[in-house]
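To keep things simple, chains are lettered A, B, C and D as they appear, and every chain counts its residues starting from 1.
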Amino acid sequence: MITAAPAPFGQSSGPTVRRVNDPLHGDLLEVSMGPQHPSTHGVFRMDVTLDGEVIVKLKPVFGYLHRNHEKIAENTSYLSSMPYTDRLDYLCSMSTNWAYAMAVEKLSGQAVPDRAQYLRVILAELTRIVNHACLVGFLFNDLGTSFTPLLYAFREREKIIDLFEALSGSRMMCNYQRFGGCRVDPTPEWLAAASKLVDNFPRFLDEYETMLTGNEILLARTQGVGRLDPKHAVNAGITGPVLRACGVNYDLRKVDAYGFYPRFDFRVPLGEHGDTYDRYMMRILEMRESVKILQQAFKVLPAGPIMDPKAKLRGFRPKPGETYGRLEGPKGELGFYLLSDGTPNPYRYRVRPPSLINLTLLEEMCLGHTVADAVVILGSIDIVLGEVDR
Amino acid sequence: MSASTDSFLERAPIEARDWLVQLLPAPLQWFTHHLITIGAILAVFGLFFAFTTVAERKLLGRLQNRLGPNRSGLPKFSALPWHLKHKLFGLTQPFADAVKALTKEDIVPAAADKLLHFLAPVLVVAFSLLTFAVLPFGRNMVPVDLDAGLLYFFAAGSATELTIFMAGWASRNKYSLLAAMRALAQVISYELPLLLSVVPVVLVAGTLSTNEIVTAQGGWSFGILPHWNIFTPWGFIGFLLFLVAALAECNRSPFDLPEAESELIAGHLTEYSGFKYALFFMAEYFGLTALSGLGVTLFLGGWQAPCDFLPFIPSYVWFMGKLVMMIVFFIWVRGTLLRLRIDQLTRLAWQFIVPLALINLGNAAFWALTASWAGPLQLVRLGVSLALVVGPFILLGRRLNIGRGPRTYRYATS
Amino acid sequence: MLGSGIIKGLAVTAKNFVGSYFVPERMVTEQYPEDRPKLPENYRSFPLLVSETAEDPMGTLRCVACQICEKECPPQCIYIEKSKDKKPDATGKMQLYPVVFAIDTSVCMSCGLCAELCPFDSIKMDQVFEVAATNRFAGLLLNREQLAKSNAYYHSIRPVEAAEVDARLAADRQAAEAKAKAAAAAKAAAAAAKAAAPAAQPAPAPVAEAPKPPSPAA
Amino acid sequence: MEALDQIRDRLLARFSGASVALVTNPGPAAEHSLLLDPAHAREIALFLRDDSALQLDYCSNATGIDWPEKEIVETKKVSVLDPAGGPAKITEEKTKRVEPGCLEAVYHLYSMALRHGPVVIRMRTANRSDKVNLPSLTPVWRSCDFQEREIFDLYGIVFDGHPDLRRLLMWDEFKDHPMRKDYVDPDDFEWEPTPHAGVLDRAKMHYSAPATLAVSAAPQPEVKP
């Protein structure tokens, strides 16, 4: 009999495993899940110690995709880092672009025209839908479906990604935002297509939810699995839907009121159990809220320039100073810390990756659960290794 | 009726075999008789397996709004016109897959138990083929009409799980080992429900011989309602339980835990490649086919036609038709459902299926005892039997998902 | 009741199964080699160098080897060597030209910054996406001959953008010509004035020469 | 939220002997920060987290910065009196001064409960070589766990009191700290006839006759470094 409890807070994150009077107990099995494993979403690795199938210890191992993005960025100009930010969270490059552009604009005190601000909101919310649709699909794959929900979700994602391609030239590596605005102005046809897509999206969500949300196996597999309590989650810096699934109302779109978000009417869904099912439902509900934001945005998108006329593409040198710009990415708080010494290259460039920091409590969430649950919990946290390892 | 059951098509396979056998000298006749049967089963179900794989991929594709494999046609040197070569709907895919599997490198891990690693795929195919011996594929078409046919079927069928354990253990891979343990847990948990779900049929039919069970389901009420076991309350729930247990027995989604590709990579198959892998694959489909065949035999009236004006179609066509329906259902389930966890899997068996099957056994006994009830009493009989099905199902089902259910969420507006 | 969620799920997949035969919008996949994807105009793959004519691509390259793209290229996949001499470009201006212009497409990440930053509208993004090569070094390292594509080709892949570029270039050219003409006229006027003032002096050299193309610095 | 200098004053009043300095940020963002001395940093961090007016319960970002030694040349004009009694000569005297380098850890703190922030705190090590210890703030904010490991990995700051201080992104056997400004990347270039002149030069050092490798088959003009 094994009773595994999360480590007392602030001490070693190693688990406390107590064996109760069991002379027949065998050895523990150490399994290195990853970097080549179908469900670690890339090259993530978990060194898992198992008692039977129950996890008694789990150590995440990072770095298989490490390319020292920060060092590269410190050796190139501010603008040249923009395409690299696409590769951080390659599922939501539009948001990542915006986060970086926002940090640089904060550093240099640049203004952004209204149309660009609205476009940014539109693209960020489309990205949120893309990310959440992907995540939900992959989560079901981790739960053992034979790709059916994944492909349904990917079909919808594909439509949005095609829009991104028509706008920015690339499906995933958009490289769209610039310091002081956006790169390409969407045509009216593009806006009409996007608006139609957004209007149709809830129908897909309804079908998806009919198919899966009430499924007894899903309930059994996810409810009560990988619980996270709000106190520890806040302390561990967990952000995004994972945090809100524990019931903490902290959405930077509301808290920081960045961009033009205060002009939109939307709600922030909150869970209460903090388990995998809540995390799944947060994504579904956030997609519905994103649709609302998008519908409002398409109505009020003003005409006008998309670039600040004072913005400079080449020879961009912000004044010395430092700043930390952050926004609510689909995965959580995505921040860029920039330190300028007045040269064309940043002196210090740092990405605060939500995926990495959301993994802080992975071990605590997985202890006492089985291998199958660990895979699902990892899937529900939503990581992208491009961002975790940078 | 006799005219149609004696139709040429109905008798053709048997007569062809008998004609072949009588050509040989008497001492060889017994042996050849069985050899031909074995050859026929291997040929028919070998091809059936090949096309099941392509059907599965195409069906899953369609369920997922894809087209599935549609590229493989005939080789370039064939004399067919161009459009035929390229528009064969991908039906030659299994042959291309077979060639690929045969030409792939066979990798045996250095630390593996070489003998067992080799034996496991061979045995798994052998065991899964053994089960076909007692299935009545048509009128008078049961390869070996054993009196204890059902017992034999389960004995042979459960041996396949042991070979999975063998494969997992011999691979000396941690994932394979976990899969092996899961397979054992699964076979122990689900052998009992599978048997218990079948016992009511035996109880009502009063025989263990598969052939006689099919014969017992003959006849029609009002000419259109066949007397199949699935159309009785106990038979219906028995069939459902059988389906669940059969899915678990042949490691199909949602019970594909030993192979769980998102958790254990490929489970016991992790260290297999090339033709050995293909053998496991083959055995899985043979097992699926055999269990579907058993389900057809026990609950869907075997080779019996559904209406009294249809028996002019040969009995083996009915059998294969029902078999295909069963397999399509399994594929459909696979395309929809999620995988259970191992503890939930065993819990489902012990807390839901086993008690339900036991109650169902009583239900079947009640049904058998009241066979003589007539007139309005028949309605009472039906009512009691239905209550014995629905009541326990709802009560036990509620216990199973206690504390779980769809949730409502609150929203923050600031 | 237990199983209702599962039955709903089965119903949805069955609906999709039937729908896959009747509703083409439901389909996820594209039959790629037969059905070519319709590329949006903004689609970008790898850079190309625009030349004015297809007949003499090397002679009419718009590139003046200013090396801005080389400096700004995030993965540093562009390598340029400036010429020592100058030769006239398509408009007849004397310009430097790249002796070596190589792009390593195995390194290029298709970000399009080079095209965005090029002040001479010379480097643009191509739309070919089938770029497999059998040699990972030489096959993917494109030199200036391989990179050069005619303006007509550029028009064929990006009609809207190319028209804008051409209009802009034509306007620039007109402005430059007007400026040159004005300069030449002023010069001629000055020369005439000079010639007129000291009449006793020998006749000036014939002013038949054409207006000189302005130097690149101008 | 109270202003940063008020927080500093409160901290100074509360922790006697601690030194808390205000570091101003000249940029338009004007996110000023507090420089804590490592000896008291953890107590101060705990106070910041638990103080009812601040409640900085969320450490969003923790990162390192490398400040290498800087050689500063100062020129001073010195008037030297002519011993002969002539006019005083003005000569330029150059003094070289090495400003000591340090490694810095920066933390961005927010309050989820009160929704304010950021409060930026920073700590500096004594130098960049042997005295690189700083107190770990992971016991205060668990979110620093991976981020401090990353700083340790990439900058080499040793966080005392960190529960599991291992390399995060680089492999365990790796020796150097790649984000330091003076990091020299290893000379392990593979021969590739890329147009990158620098890469090509360094690759050539490893091959005696590189031209025989792939270039001979290549149709491109020879790339001269």
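Here is the rule we use: a contact is a pair of C-beta atoms (placed from the backbone, for glycine too) under 8 Å apart; a residue touches a chain by one contact, two chains touch by 3 or more.
Nothing here was measured: the structure is a model prediction, and the numbers come from that model.
*Asks:* What chain lies closest to the overall centre, CA atoms only?
*Replies:* A
*Asks:* If I rank A-C and B-C by number of C-beta contact pairs, which comes first?
*Replies:* Counting C-beta pairs in contact for A-C and B-C gives the edge to A-C.
*Asks:* List the centre-to-centre spacing of subunit A and subunit C in whole Å, with centres computed as mean CA coordinates.
*Replies:* 36
*Asks:* Could you grab the centroid distance between subunit B and subunit D? Build each centroid from C-alpha atoms only and quote it in angstrom.
*Replies:* Subunit B and subunit D have C-alpha centres separated by 65 Å.
*Asks:* How many angstrom between the C-alpha centroids of subunit D and subunit C?
*Replies:* Taking the average C-alpha coordinate of subunit C and of subunit D, the gap between them is 41 Å.
*Asks:* Find every residue in subunit D that makes contact with two or more other chains and list them.
*Replies:* If we look for residues of subunit D contacting two or more partner chains, we find none.
*Asks:* Where does subunit B touch two or more other chains at once, residue-wise?
*Replies:* Only 63-66, 335-337, 400-401 qualify.
*Asks:* Any chance you could list the residues of subunit A touching two or more other chains?
*Replies:* As it turns out, subunit A has residues touching two or more other chains at 148, 151-152, 155, 211, 213-219.
*Asks:* Which positions of subunit A touch subunit D when the two form their complex?
*Replies:* 9-13, 62-63, 66, 68, 70-71, 106-109, 232, 234-238, 248, 250, 255, 318-324, 326, 333, 335, 337, 339-340, 347-348, 350, 352, 356-357, 359-361, 389-390
*Asks:* Give the list of subunit D residues in touch with subunit A in this complex.
*Replies:* Those residues of subunit D that touch subunit A are 25-31, 57-61, 63, 65, 106, 108, 112, 115, 118, 120, 138-147, 154, 163-164, 167-171, 178-179, 183.
*Asks:* Report the residues of subunit C in contact with subunit B in the complex, numbered from low to high.
*Replies:* 1-3, 6, 9-10, 12-14, 16-17, 19-21, 26-29, 31
*Asks:* List the residues on subunit B that touch subunit C in their complex, please.
*Replies:* Result: residues 59, 62-67, 332-333, 335-337, 393-394, 396-398, 400-401 of subunit B touch subunit C.
*Asks:* Over in the complex, which subunit A residues touch subunit B? Could you list them?
*Replies:* 29, 31, 37-39, 50, 52-53, 140-148, 151-152, 155, 211, 213-221, 223-224, 249, 251, 254, 267-273, 277-278, 281, 285, 370-373, 375
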